[in-house]
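Please find one structure pasted underneath; my questions will follow.
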Amino acid sequence: MKKNNNRRVHSHDVTKAAKEALLRRGVKIEDIAEIVYEMQYPYNDGLTLEHCIKSVERVLLKREVQHAILVGVELDQLAEKKMLSQPLQSIVESDEGLFGVDETIALSSVLTYGSIALTTYGHLDKNKIGIIKKLDTKSGNGVHTFLDDLVASIAACAASRIAHKLRDLEEEGETFKSVPPHELGPEGEMLPVDDEP
Amino acid sequence: MKKNNNRRVHSHDVTKAAKEALLRRGVKIEDIAEIVYEMQYPYNDGLTLEHCIKSVERVLLKREVQHAILVGVELDQLAEKKMLSQPLQSIVESDEGLFGVDETIALSSVLTYGSIALTTYGHLDKNKIGIIKKLDTKSGNGVHTFLDDLVASIAACAASRIAHKLRDLEEEGETFKSVPPHELGPEGEMLPVDDEP
Amino acid sequence: MKKNNNRRVHSHDVTKAAKEALLRRGVKIEDIAEIVYEMQYPYNDGLTLEHCIKSVERVLLKREVQHAILVGVELDQLAEKKMLSQPLQSIVESDEGLFGVDETIALSSVLTYGSIALTTYGHLDKNKIGIIKKLDTKSGNGVHTFLDDLVASIAACAASRIAHKLRDLEEEGETFKSVPPHELGPEGEMLPVDDEP
Amino acid sequence: MKKNNNRRVHSHDVTKAAKEALLRRGVKIEDIAEIVYEMQYPYNDGLTLEHCIKSVERVLLKREVQHAILVGVELDQLAEKKMLSQPLQSIVESDEGLFGVDETIALSSVLTYGSIALTTYGHLDKNKIGIIKKLDTKSGNGVHTFLDDLVASIAACAASRIAHKLRDLEEEGETFKSVPPHELGPEGEMLPVDDEP
């Protein structure tokens, strides 16, 4: 276990930096929410894009997710600027097929949301939809070797939260029609796991 | 993804069954909390056993944890009654060294609490302390091949919650002395991840 | 870490029991190999069903995989015979949507084959094809709550081995046309990881 | 799944670069082997340091391990040169307690060796021994936030291979006394999983 020390970054700064990193790389919260909506609306009566946006916002509050974003975006940017040493530069730049560190980093967040998040992530990784397709390093400009996996991971976590909420609603005989979107968001009853007291 | 159907067990019944299964097999919440306390008190000023009890109670509300308990205890009990088919009966009964399904089932909950939970679990699995030592299939009576790993997993999750809470406290310049134990428990501000809306 | 003792099951008996369990539950090696072929033939020039059969046979030699099969099939069969205690009986019998122990057990083997196996598994879990579709507990007779995930896991592992072999072939400027199928099988140059000396 | 393309790095170059990265950062294969020996000799009659060296050498041939080393060492070095952007620079430089990307990257290799490797890794992460202790960012000079976890991971994988080999030996009624060390190494009967055909 690591010990604590004093050269600390405040968690608000980490949250802010992670959100800015996504935006700087061209990914809006709405883009991720659209993937979530596409995955979940067939199963969830009354689900709206707004619910999905709030769920994504909540996922983005998790430390595990924020750290993954900071590391992944940093490596993508360093690769774009040709600042990684060889052979890592070539591997990241070309999104090498057997390189799995990108999936691994994204996976750590996915695992904190259980088995539904995991299979959803696997599905998204294989069947790239929405912004994930656009980010594919091989089809576009720029290096997004880590970013496409991070986005798939965030979408999978947000989708998993909705699937779990559905279960609770069903037990009460209700649907998403009776759920105000903000309940799924940062201001809702529940904080992200990592920040649980 | 699995579809829903109607032969549903209500989540309250699952919660109740998981708690009863632990008790029936001789594991009290206090027993698990003592392991958590032993692991965490050196790092956490003002931490009490009561905080640890509440943290364990919260972990026990997670669906992922409850399902793992139900399956693991069932297999232990079937093995005790010699009701598993061969060669599984012998493998479980003897807690075979290379059999890893017990660790795997316990691990699924651990992963939902992030990397601190994981390394704590690995540590507990190797250095069995408290009730975990007593449950060791090879040293005592009865079959507890799955139960000892489940207990280590619950303790690791509860310990991880405390480590994360400490981080928040430090940012506020506070310690556990200012945290009423119930804040860490089921009635606290946060619900378990699996049950997040 | 577990200690060894003397009431040991020989690994040959475990191998035999795992293969028989699959057959008894209606899953032939060819059925799994067909899924592998379907997943991999678009990327692999010269790949045949026979290569896939051999790759599946090799995966079935891994202890981690064999143990997962024994436990999963046992639980499916006990559920069919209504021999599990409640509420586990209802949960397994109905393949409850949020029950994740089936995916977890299958996942342990998948993780030993790296990130390609993992995303392939997620894909198969969501887009059930071939025998996996037939096994779906909700659409057919019998309880296959664990078996469908096990089959997806074995197929994902066998597919991952082929993707890794492709990489080696490309470095030599070759294709699967020059690979005799048995090279991918148990009698090939490499033994499964678990059994590595 | 990623597609292949032509800007390829040959696997020999990746192998070479990973070994050089460890040496450049002050970690010799013997250092890692000593940890393995310390962990395994109480259980393995006839085990020598040479067996452990060979096992480490074999683990270092796995692509998953090599990629993890390249990424982790790169991030450590960039942090030393103050070349990461904020707040990642501060987080990595201070080996922040709740930062888990270092454990996550190391973990991906560990998972490919099954549950024994995993619990061994957790143990080593908590009870830093040998070179791992020396590398601890907080106690020494330089940044080794990723490297200490990588070394723990390689040691855990090499130890797991020995535990599995022991099992095979016991079935034959033999010990490590009858095993020439090179059998556990790259030139032995088995190649690393990732490179399996």
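All chains are identified by letter, namely A, B, C and D, in their written order; residue positions are counted from 1 within each chain.
Operating definition for what follows: a contact is a pair of C-beta atoms (placed from the backbone, for glycine too) under 8 Å apart; a residue touches a chain by one contact, two chains touch by 3 or more.
These numbers come from a predicted model, not from an experiment.
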If I superpose the C-alpha trace of chain A onto chain C, what rotation angle comes out, expressed in steps of 5 degrees from 0 to 180?
180
B-C or B-D, whichever has more C-beta pairs in contact
B-C
Find the geometric centre of each of chain B and chain D from their Cα atoms only, then give the gap between the two centres in Å, rounded to an integer.
29
Which positions in chain B touch two or more other chains at once?
1, 3-4, 8, 63-64, 97-98, 100, 104, 107-108, 114-116, 119-120, 125-126, 163-164, 167, 194
If each chain is a node and each touching pair an edge, is that a line, ring, star, complete or other?
complete
Touching residues on chain A, where the partner in the complex is chain D
1-5, 7-9, 13-14, 17, 63-64, 67-68, 70-71, 74-75, 77-78, 83-88, 90-91, 93-101, 104-105, 107-108, 125-126, 138, 194
Report the residues of chain B in contact with chain A in the complex, numbered from low to high.
1, 3-4, 8, 10-11, 43, 58, 63-64, 108, 111-116, 119-120, 161, 163-168, 170-171, 179, 183-184, 188-191, 193-197
What residues of chain B sit close enough to touch chain D in their complex?
97-98, 100, 103-104, 107, 114-116, 118-123, 125-127, 163-164, 167
